[in-house]
Every structure is written in structure tokens, then in C-alpha cells.
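I have a structure I would like to understand better, so I am pasting it below and will then ask my questions one at a time.
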Amino acid sequence: MKKVLLMLLVIVASITLFSCGDKESERTEITFWHMSPVGDVSYSSVKQLITDFNDSQELYFVKGVGFSFWDYWDKINVAVASSTAPSIGLSTIDDVVSRAESGVIYNISDLMAADTSGVNTLDLSEFRQSQMDFATYEDDLYAMPFSATTRALFYNLDMFEEMGLTEADVPTTWSELQTIAKMFDVQEEDGTITRIGFDPTYGDTTYHGWLWQAGLDFFDEDLNPTLNTPEHLEVLNWILDFNEDFTRTQLTAFGEANAMLGVNPFTSERVAMIVSNDGLYQTINTSGADINYGVAAIPVPDEDGIHVCWGSGFSLEMYDNGDNTDAEVAGAYEFYKYLLSESVQLKLGESLGWLMSHISAMETYVEGDPILETLLGEVDYAMDKVYVPYAPAWHASDWQTYYTQIMDGDLTPEAGLLAARNHYLQKQENYNTLNE
Amino acid sequence: MKKQTIGSLKQLRKKENRMGYLFASPWLIGIIVLGAFPILASFYISFTSYDMSSAPQWVGLKNYIILFTNDDVFWKSLWNTIYHVVIAIPLGLIVGIILALLLNNKIKGMSIYRTLFYLPCVVSIVAMSLLWMWLFQPQFGIINEVLSPIYNLFNMEPILWLQSSSTSKITLILMGLWTAGGSMVIYLAQMQDIPTSLYESAEVDGANWIQKTFRITLPLMTPSIFFNFIMGIIGGFQVFTIAYIMTNGGPAQSTYYYAYYMFDKMMSDQAMGMASAMAWILLVIVLIVTMFALRLNNKVVYLGEEG
Amino acid sequence: MEQTIKKPRFTKRQRTRIKHGILHIVLLLCSVGFMFPFLWMLFTALKTPQELLLGFEQFFPADPQWGNFKEAVTMIPFLLYLKNSLIIVILVVTGTLFSATTTAYAFAKLRWKGKEKWFIIMLATLMIPIQVILIPTYVMYSYIGWLSTRLPLIVPAFFGGGAAFYIFLLRQFFMGVPKELSESAVIDGASHIQIFFKIMLPLSKPALMTVGLFTFMATWNDYFGPLIFLSNPDHWTLAIGLRAFQTRFGGRYDLMMAASILVMLPTLVIFFFAQKSFIEGITFTGIKG
């Protein structure tokens, strides 16, 4: 009996010892979740920015935790749900409204109004209205844009030159794109593709991105799915038929080979043109690839096409767990302002390689670099995807199922679009049933 | 402690009762705190609409009604899972039994073979998934390389394995056979308990190897077959990680299993109520199948002398 | 085969020899089938990406790239993950052995009220998919502030979490221990605690070994638990690290295989050293109830 009790006691004691004993200081602790995990190239610079803030503070102490982009979302979703969210964290800007509505994030407008310190106040004129609109709920700001992304056409000038093309030949319409792309295609005798000019499914392309340029979308203004019109079909067929000289299997094998070689198809000159987000700039730099390239707006269907691309960005949010002390909120807001100040945004841009949301900071950052200048210019044409409460992942898991089936030839484009629309309709109906 | 006499039998019983609870207490505490509470809570959540950020809203049976009447993906994922269970489990049983039968001979090096066949079972599911993704890779993977003479002979297109919706489920099942050694050792353990006298007397009666296998070995192995069957059913309905890592549920949702859909309901739709309802439906399915198996068990399984 | 039916051409001994020869060939072929993936994994880990595209043409790595292992290790904080895996595994094995043996003893050798009911409940927990309790469990741990710690993975082991199968195995084993042994000890005035520590545990070494090894393997290889419960990346385990490796460097099969080999090496080594008690432990505990 005594032995068992003793054993239990030892276990309980060791467990309690495990759980405590890591309080850093007596200052109020603020937690900040970011996407620069241990081992990431940007880890040390983000850590340095946090240390700088901590050194300038007597009242607050920020503890940063970095997750890889891939793990971040599951973590933050569950943490918010269980009221263990960090004081400050990044999230997606397109669905700020849903969190504002459920009251899990602080009203930034209120905090701004209550902030009478006069130091480092947020200068809203330095942020894009288009981004802030996504963070606005019932006329109040519930988050601030933290970073911005955009998409553009990257083209390889060395390869252009080889074909006797110049920058003037960079395509601006879909038909020009197809004509020029064909010039670069190389296929071996056994069918293996070793080089292509362009493919509308490679890189950071999406079906909805191409749709937008043709003035179409997945949903109408009331968020009803409108997916199977002849116009939608036309865009889908254009994507499917772009490289009709190759089989889908050959195209897939080409993509797999790129991944296995661990190369970006653009930096390894296996594609002449690619649609990518601004991150490719950083990828090219770090890969050390010696290529001469340029960036332009993504070609549009024809002269009437719309200059638009899918761009998003992270929002910076302050989470309300329901038990935050006033000191925590005040401290978190100080750090919040710090992260959005011009100098910090500039440093973040440099270390993360992201385009940040602070306009002046980014203008300084891109100055003298024509590629970055063009990319920053394209941010103004970036549009974010709409938040659909009944299908938050409408562009991802929901649509991808039908998209791959259409690509693999398991479904005709007509049948695929109809099936996808019915899928959304069913989700919408079920959502309404649950929330009536 | 003093010697107990027969007179204090009652006292002894009482003490034993106390000791029983004491010894079982770690698990008893665990089952109540870490088991009962979450189960009750999840049962409650299954009758609510709960998006993790605001409080659960009571919706009655709506989650269940929607799943059964107006959710095509639910049925698709259930079909995928049943397909997996119905093929993978019998196949796994057969391969495990064949391996055990091969090893159940008094030959040299038996323990080495046994170790080799069991080895894949100690590999983590993540490492195993990565390995087989590479082996099944259609263009550069070794399996299609080995099969390419056959493809050429019949002038057919290479099989795309995980990358085609018509073969992806079977491919994952085939991969699972690599770990058949796990059930093999259990069969083998029971086979070696079968008294040799049974075989000897059968031999006297002129029974050949096939007759001995079907008349003696297999009937006496039914308890372990039943055990592996039940474990297979329970695990099979929860299949998730291999699809999550190897196929992302694709292509075209062909490996989008029930547990995967539940995971997405939680993580991408944040529909906790719906996900909990799915968890409870899964539990009921597993219980029904197990109960059927138990019925069957009572009829078929050889219970031995001890019963 | 035909000859044997007509007229025994071979003696019984010769027949056995032929039979065993055929068996060995079949078993060798099976062994190759089971072992080849491991071998190919090693070859892949030692190749260059260009060699991978060649397939059979380049069966052996021309110039073994041992540097791939180093590269794989530096791409993720391997040593940190290794340490984390070890901490969790050691504590979970300890906890499971503690809770599973005591509970199994109660079920096997003691008479107490409700024992049968609890036993059925225990077997029933084997059938409950983890998904059923996932959400509320998470909320519960967050409520008591355990999410930034390793406790959600460790503490349940001390309370029989996930140990139903092991409890069942150990109960079967304990039941096999002759009644006379414990009864005579009772008559000699030994308490159940004494019987448990002095008779049961020493007699059950093979079974304990089996349960310990099973727990080790399961914990070391566990992916789902750490994915959900380890919110602090400083606590991440190798299984999570391997998956992170795949999401970030997907397609680089040479590096993925190198990382996979490093992750599974400890289990392979332990298995080789302990395989006798591992497999024979299963024989002892047996599923013969």
C-alpha cells in the first residue's frame, strides 16, 4: 500500500515539476505567433526584432513562437477555438470578418481611439484601402493588413533571346501567350517533355484567377454558385487545350521530375514563362540561378480582359481569449503598433522576403530593383478571394476534386462544372439548414 | 500481517475488493477523466452547430439528418472506407496466414525469416508512406520499372498507382500487405501451440499437407484469426494517415476516407458539430460490425478445452 | 509429386529435404520481397537527384552521396526532435507499464465489485475512434493550460490512456500464472501488493518486455497525437519533423529517404536486439482467450 502511494506521489510530483519552472520575468508576457520556425532562414532576424522590442520595454515581454507555414493554420484555428490563442498572430485577411463576428479578435478601431499615448500611432494612410476593407466589420477595423501578395508573369529573357524575342514580345493576351509559349516546347522521342513555354496549370495559377480576368467568378454577389455558364466552360477549355500537343500524363511526369530534381522549373530554365507569386523573386535569389528575367502583368483573355490577379496577404490580429488582462491587451497593442511601424515593416520585408503592407516602407524596399518595383505595382491589381461562410475552402479542397477529375479526363468539363456547382449548392443548403 | 483464518472470509473479500479498486485506480481515474468526459462532450457537440469560435448552438438531429440525406461527400467517403475495409482485411488475413503456414515448419532459419517478415511493422507510418510513394511513383518509381517489360509485352500504358482514381485505393491496400508480418506472428504463436499428436494421428490416417492444413491447423487458429479480424475492422475504419500523407485524399477523392472527411470537417470547415456527429456514426458502424463478428465468432471459433 | 503417388522413389528423409528445399526457395523469394523496399530506400538515399530519374539504369548509386544524410539532418532541427522523441517515449513507456500492470492485475487476480462491467468497458474503449474524443480532449487540455507542454502526450499513459490492448495482453498473461502460486502466498500472509511485486512482475518479464517494446514503437512512430497536441515547435518529435520535411522538400526523394532512414533507425536497432523477446512475447501473451 505504502509503496503504491509513494509511487503515485513521485509521479504526481514529477509531473508538476515538468509543468512549471519556465517563467522568464515579472514583466507581462505577450505571445506572438509567426511563420519563421526554428531552422528557418528568417528565424534569427524575426527573433532579433522581438528582442529589440523587449529591450526597449520595461513593462512587457514578447515571446515569439514560429510555426512553418504548413502547420500554422491548424495550430491557430484550434488555439482560437480553445481560447488559447496567442496575444498576437497572423491570419488570412479574407476571413477576418468571420472572426470579428464571433468576437475572438479585438476591435482595433477601439484600441486606436483609446490610445492617447501619441507615440507610434497607426498611420492608416500607409495601408491599402482594398486590404483594410477585408478587415472591416460593421465599420470598425478588426485587424490590419500585415503583408501583401500578388501574382505576375515571370519570363526568362535569356530564353527569349535564344528565340530571337525581346522584351517587346512579352505576351499580354492569352493568344499571344500561347503562340510564344509553343516556340519553347521540347519533347524527346519517348515522349518525355524536357522544356515547355508555359502551362496555365503550373506555378501559382488557379482557375478562379483566370476566370476573374474574363470578368467571371465562382459565385455571384449573393454568394450563390454560378459555375457552369458557357463562359466558364470556355475558360476551362482554354486551360485544358493550352498544351494539347502533350498528354496529361506527360505533363504530370514533367512536373514530377521538376520536384524530384528539387528545382524550380523557372530557375532551372525548364519553363520559359510561369505565373508565380512574388515569392519567386526570393526563390531565384536564394537558388543562385544566374538567369536574366523580367516580370509583367499576367496576360488577359483579350483587349477587354481585366487586369487583375489573385493576391492576398496576412492580417495581423489580436486575439481575445476572454481572460486577457488589461496589461496584456495594452502590451499586445504596443507590440502590434511596433510590428506595423515603417522601420519594422521594412526590416520584416528584408528578412522574410515578403511584400509587407506598409506602403512607404515597401517603396523604400523596392527602390532601384525593377523586378520588385513591378511586383509592388502589381499588388495594386491584386484582389482577394471572397469569403464564403458555407464553404471556407471553396477554392481548395472543394474545387480541387472536380478540377483534377476534369484534368485527368475522368469528367468532361461540362459535367465537372455542373458537379462542382451542385456540390456548392448542397453545402450552401446544409449551411442554411444549420444556421436558420 | 497476520495469518487469515477461514472465519474472516468476509473480511478478506472486503479487503480484496478494496485492493481491486486500488490496483485498477490508475486506469479507472483515466477512463473517467480522460474518457468519459470527452465522450459525453462530443456526444453533446454532435447535436450542435459549433464553429470553435462561438458557443455551440443546439440544432437537434440536423447534423445527422444532413449527413444522411444531403451530403454526397459523406457517402463517398463512407464508400471509400468500406471498399478499403472489405478488401484490405480479408487480403491481409490471407497473406498473414499464408506466411504463417510457410513458417510453421521445422526448418532452419525460421526465426530469421520471421524477423524479416515482421520488420516492416516497426517502421513509422510516415516513413512507410514516404517510401511507398517513391516505390509507386509512376514515371521513375521502381515498381513501374520492374513492370515495364510487361507493359511493353501487352503494349499497355503504365499503371499510375496512386495518381489515378481507378487504382489509388488498391495501391494503398497493396502497400498495407507489407505489414502482414504483424498478424503473421500472432498466427504463428497459435499454430505452434497445436499439439503435434494431432498431426501425427492424421498422418497415420494418410492425411496430406492440404488436408492437415484445412482440417487441423486452420480450425484451431480461428481465435487468432478472429482477433486479427476485429483489430483490422477497427483500424480499417479509421484509415487516415496514409491518405493524408500520400494522396491528400485524391485523386478525385478516391482515397478520401471517412476519417479524412471528418478531419476536414474539423480543420477546413470548422464544423465541429458535424465532425462529432460523424465520429458517432463511425462508432456505431464499428460496433455493429464487431457485434456481427462476435455472433459469427460464437458459431465458428474453436474454443479449445478451456472454453 | 506424381512419382510419390505411384511409388515412393525417395525415402521419407529425402522427401523432407526436398520439401524444405522448396520451402526455403519460396521463403527466400518472400524475404527479398519484404526486404527490397528497405534496400531501395538506402540506395535512393545515397543517389543524386539526376540518378533517381534514371531508375534501373542506375541501380546502385555511382558515387554514394553520404552527404545526403547530413543535408537531411541540417534541413530540420534533427537533434532537437530526437531529444523530444526520447523524452516522450521514455515517460510514456514508464507510465504505460505502471498503469497497465496494476490494472491488468486487478482484472486478472482480484475480485472486486463491477470488475466484469469495467472489463467490458475497457475492451469497448478499443473500438472508440480517437476522433470521437479529439475535440473535447483538446479543449480540456487547453482549459488546464497544458497545451504549451508535453503533458497531453505523457500524463494519459500513467492513467491507462491508450493502454487497453496492453492491459488485455497482460491480463491474459497474469491469468496464466498458476493460482497455486498466489494462493500459497496469501496463506503465507502476503499482501496483494507483495504478490504483485514479488511474484507477478518477476514472472512476467517477457510480457512486460513486449508491452514496453510495443509502447516504444507506437510512441516513437506516433504522428497524429503530436500533430494535434504539441503546439510548441520546440517540443516536436521526429515523426512530425519527417512530415514537415515532406511538405517543404516534397519530391526530393533522395533526401526524404535519408531522413526516413534516420528516423526509423532506432526502432530497427532496438527491434534487432530485442526481436526474440518481442516476437516471443507475443507468443507468451498469446491471443488465446
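Order of writing sets the labels: A, B and C. Residues in every chain begin at 1.
In the analysis below, a residue touches a chain if its C-beta (ideal position, glycine included) is under 8 Å from a C-beta of that chain, and two chains touch if they have at least 3 such contacts.
Just so it is clear, the model here is predicted, and its values are computed rather than measured.
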*asked:* Can you give me the shortest step count from chain A to chain C, moving only between touching chains?
replied: 1
*Would you say A-B or B-C is joined by more C-beta pairs in contact?*
B-C
_Suppose chain centres are the mean of their C-alpha atoms. Which chain sits farthest from chain B?_
A
*asked:* Between chain A and chain B, what distance separates the C-alpha centroids? Give it in angstrom.
replied: 38
*Where the centres are mean C-alpha positions, what is the separation of chain B from chain C, in Å?*
15
*Of all residues in chain C, the ones touching two or more other chains*: 52-53, 98, 102, 139, 158, 191, 193, 253
*Residues within chain A bordering two or more other chains*: 1, 4, 74, 78, 81-82, 256-257, 260
*Send over the residues of chain B in touch with two or more other chains.*
22, 137, 140, 272
_Partner chain A, residues of chain C touching it in the complex_ = 49-50, 52-53, 75-77, 80, 95, 98, 102, 138-139, 142-143, 145-147, 149-151, 154-155, 158, 191, 193, 197, 227-228, 231-234, 244, 247-253, 255
*In the complex of these two chains, what residues of chain C are touching chain B?*
19-20, 23-24, 26-27, 30-31, 34-35, 37-38, 40-41, 44, 52-53, 55-56, 98-99, 102-103, 105-107, 110-113, 115, 118, 121-122, 125-137, 139-140, 156, 158-161, 163, 167, 186-187, 189-193, 196, 217, 220-221, 223-224, 239, 242-243, 246, 253, 256-257, 260, 263-264, 267-268, 271-272, 275-276, 279, 282-283, 286-289
*Partner chain C, residues of chain B touching it in the complex*: 1-4, 13, 16-31, 33-35, 37-39, 41-42, 45, 99, 102-103, 105, 107-109, 111, 113-120, 122-127, 130-132, 134-135, 137, 140-142, 145-146, 178, 181, 185-186, 188-190, 192-193, 223-224, 227, 234, 237-238, 240-241, 245, 259, 262-263, 266, 272, 275-276, 278-280, 282-283, 286-287, 290, 304
*Footprint of chain B on chain A - complex, ascending*: 1, 4, 73-74, 77-78, 80-82, 98-99, 102-104, 249, 252-253, 256-257, 260, 391-393, 396-397, 400-401, 404-405, 408, 410, 423, 426, 429-430, 433-435
*chain C touches which residues of chain A in the complex?*
1, 3-4, 7, 11, 15, 18-19, 37-39, 65-68, 70-71, 74-75, 78-79, 81-84, 256-262
